[in-house]
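Okay, so subunit A shows up in both of these, paired with subunit B first and subunit C after.
Let's look at the complex of A and B:
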């Protein structure tokens, strides 16, 4: 069952067309990767889904509802969590407060925190530390945890593995798979093609605002032309 | 520092509030009438600045028109006493709270639709609108002369300077405690998240405009309460209460104390009230000296006095060696 459908969206920033009729879909409980080089349009696609970027044409449907150009707080409340590329955690708040402000149903705080700490047990010892005092990897955990705190049906993760040491990245693979085990769909924007087969069920390749490939992640590596475009060499 | 460290953190607030309350209640026993008046004024400024800081320090919205709500509170009390003849401070106080709540809800609703400089300009415009009303509606407001405000009664007792001081002190402690609870509640944390970055607050599902509006109302009500106490203290209301220069005072007060620290506006209010009082006694050029003093404080303490002192103490006594990861 499809939970998210992006249908032929076009997005302009100033006069430049950033997304050119981008279409993709994410199934329920599926991990989908959106792969592409820097500037290909991955972040703009995620921002458009979240309502942070105006969509000029096309539509976005989530869980049977049209969410095209809806304000971000409404998109979030409908069940889409978002962890942006730059993490954007609240540096003056503790890790716990960062997560807590995203929990809408306070009566379910215990269950939600339980789910988050099951996915990221490392957060247990960081909860009282202010966001500004966390390392880059820890901030990424908090950003994803905060997205999960909204009790989403789908989370959008923008470059969650960027800049992580290989051993830490492996730890994140596990966490992302744990998110799926809870029945939450995941759409990941990723520029490093080598991560994709280890986490995603399916992948799209985006280049210059156009989807140029859709298929199994392993097929990207075996398709020399697509692989060359994504790697840039 | 050893004594401080031996006290559990959860007792800091009750102990501090208790000590503060004891000091405030016993102050009239040792102080002159003028000092009682001056501390009343400082505490009224502190209530106003605490309210202002919900909006400025905790939500990140800069208002240039917060004199409007101080004025609304003061004029509500002043006009109800002088024109309607209501003398009961309980009723006057409630009326001031409700009026400032209604007006700040209406104006806040319009202002929070805009951000940054447009928000600031809109608040300034509304402040000046009230100033013009107070100036032009001569038959009601007394125009530029304002209106004399006789002492009201609290539970049948005449609210002279001393009784008014006790009312101000009790309200100050209650409102200080309430403000502390608010800024440390999920609501307060949400405001701080909005201050840090409204966009990221929005994509975690926070209705940013609505929270900004709530913060505006809360801020307006605190200002209205300050106004309700200001009118009987000076026994006079006048249009300048709405003027943008009065709005500038609360911004000054908040900045010199430190808008990122909870107690910053309180300390700023006390310094400002006393400084202004003593400078005006020495020179007619008090605005110049006051401006200069504020500029010097701002240069020496860029985070406000409390903010800078906190950073210093934290660095000096509580800093831990950071182990690099």
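Let's look at the complex of A and C:
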């Protein structure tokens, strides 16, 4: 069953067309990767879904509802979590406070925290540390944990593996798969093609604001033309 | 000199107490909503004038309730201003916001003149009734001490609210990154409205508290606004701790200045502000704001 449908969206930033009729969908409990080089339009796609970027044409449907150009807080409350590329941690707040502000249903706090700590047990010892004193990898964990705290049906992860040491990236593969085991769909923007087959069930390739490929992640690597575009060489 | 030292300190702290309440309201509105509210001084003045309505009755119970009712009413006025006017200029350049709030301050000042007349209103019943106390050989009004304690108590409550409650964390999150807060399900518009309520209520409380010791008069808004600006520039824009320390500095300097260098008292405060800005351009406790 499809939970998210992006249908022919066009997005302009300062009169420049950034997304050109982008269409994609994410199934329930599926991990979908949106692969592309820097500047290809991955972040803009995620931001448009989240309501952070105005969509000029086309539509976005989530769980049977039209969410095109809805305010971000409404999109979040409908069940989409978002962890941005630059983490955007509130540095003055502790990791716990960062997560807690996203938990709306107080009666389910224990359960939600349980889910988060099951996916990221490392956070247990970081909860009282201020966001500004966390390492890049730890901030990424908090950013994803915060997205999960909104009790989403779908999470949008923007470059969650960027800048991570290989061993830490492997740890994140595991966490992303654990998110799926909880029945939460994942749409992940990724520029490093080598990560994609290890985490995603399906992938789209975006180039200059257009989807140029859809299929199994392994097929990107075997498709020389697409692989060349994504790698840039 | 030594014998009058406690008096200078107490006067400075009394002045700092009201200044802290005004400046914390101004700074909390700025840090969350990003609006430098030039009408905040007029909000303070409105609080002072409204408080005279009950203080002139001489009914002690009514007067005590005033310190709850006036901030609440002024908070509601602030909320109405945010929902009716400010809300429409959040995405505009700061010039529009400044013009709007400046225009608003003129309108509010004229409203006060229309409602209460041009003459200053003295309502010192509470100051007289609360009597005086001897502190280290200095006779000092008990009421002024109460104002200092109330300001400390409000400061403590503000700190507890911002540091220990989920709503306080949300307010701080919005002050740091509105867009991300919104993406986490926070209705940022409502938080702005709440901030205007809270900030205006603090200004209104300062107005109500200061009336028994002084008078409610036209023009008091301008002085209050300028001096609370100095406080938040010294303490750091958006910092409650900065407003606290900044108001103590300004309060004490003003108190000593009136005695030692009365002609240059204000100039000395500006010099301190300039020195702080030269050494720490963000103020003593200011931080960089991410405006998204």
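Here, the second predicted complex is superposed on the first by the 233 of 233 C-alpha atoms of A that agree within 3 Å, B and C clash if a C-alpha of one lies under 4 Å from a C-alpha of the other, contacts with A are read in each partner's own complex, and residues count from 1 in each chain.
By definition in this document, contacts are C-beta pairs under 8 Å (C-beta built on N, C-alpha and C of every residue); 3 or more make two chains touch, one makes a residue touch a chain.
Treat the numbers as computed from the prediction; the structure is a model and nothing was measured.
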| item | value |
| --- | --- |
| Subunit A as common anchor, with subunit B and subunit C clashing or fitting | clash |
| Which of subunit B and subunit C A:135 touches, first, second, both or neither | first |
| A:50 touches, of subunit B and subunit C: first, second, both or neither? | both |
| First, second, both or neither for A:102, with subunit B first and subunit C second | both |
| Subunit B and subunit C contact sites that coincide on subunit A, given as residue numbers | 50, 52, 71-73, 75-77, 82, 84, 88, 90-93, 97, 100-102, 104, 146-147, 149-150 |
| Footprint of subunit A on subunit B - complex, ascending | 186, 189-190, 192-193, 196-197, 199-208, 325 |
| Residue numbers on subunit A that touch subunit B, as the complex places them | 50, 52, 71-73, 75-77, 81-82, 84, 88-93, 97, 100-102, 104, 106, 135, 146-147, 149-150 |
| Subunit A residues within the subunit C interface of the complex | 50, 52, 71-73, 75-77, 82, 84, 88, 90-93, 97-98, 100-102, 104, 146-147, 149-150 |
| Subunit A contact footprint on subunit C (complex, rising order) | 166, 169-170, 172-173, 176-177, 179-188, 287 |
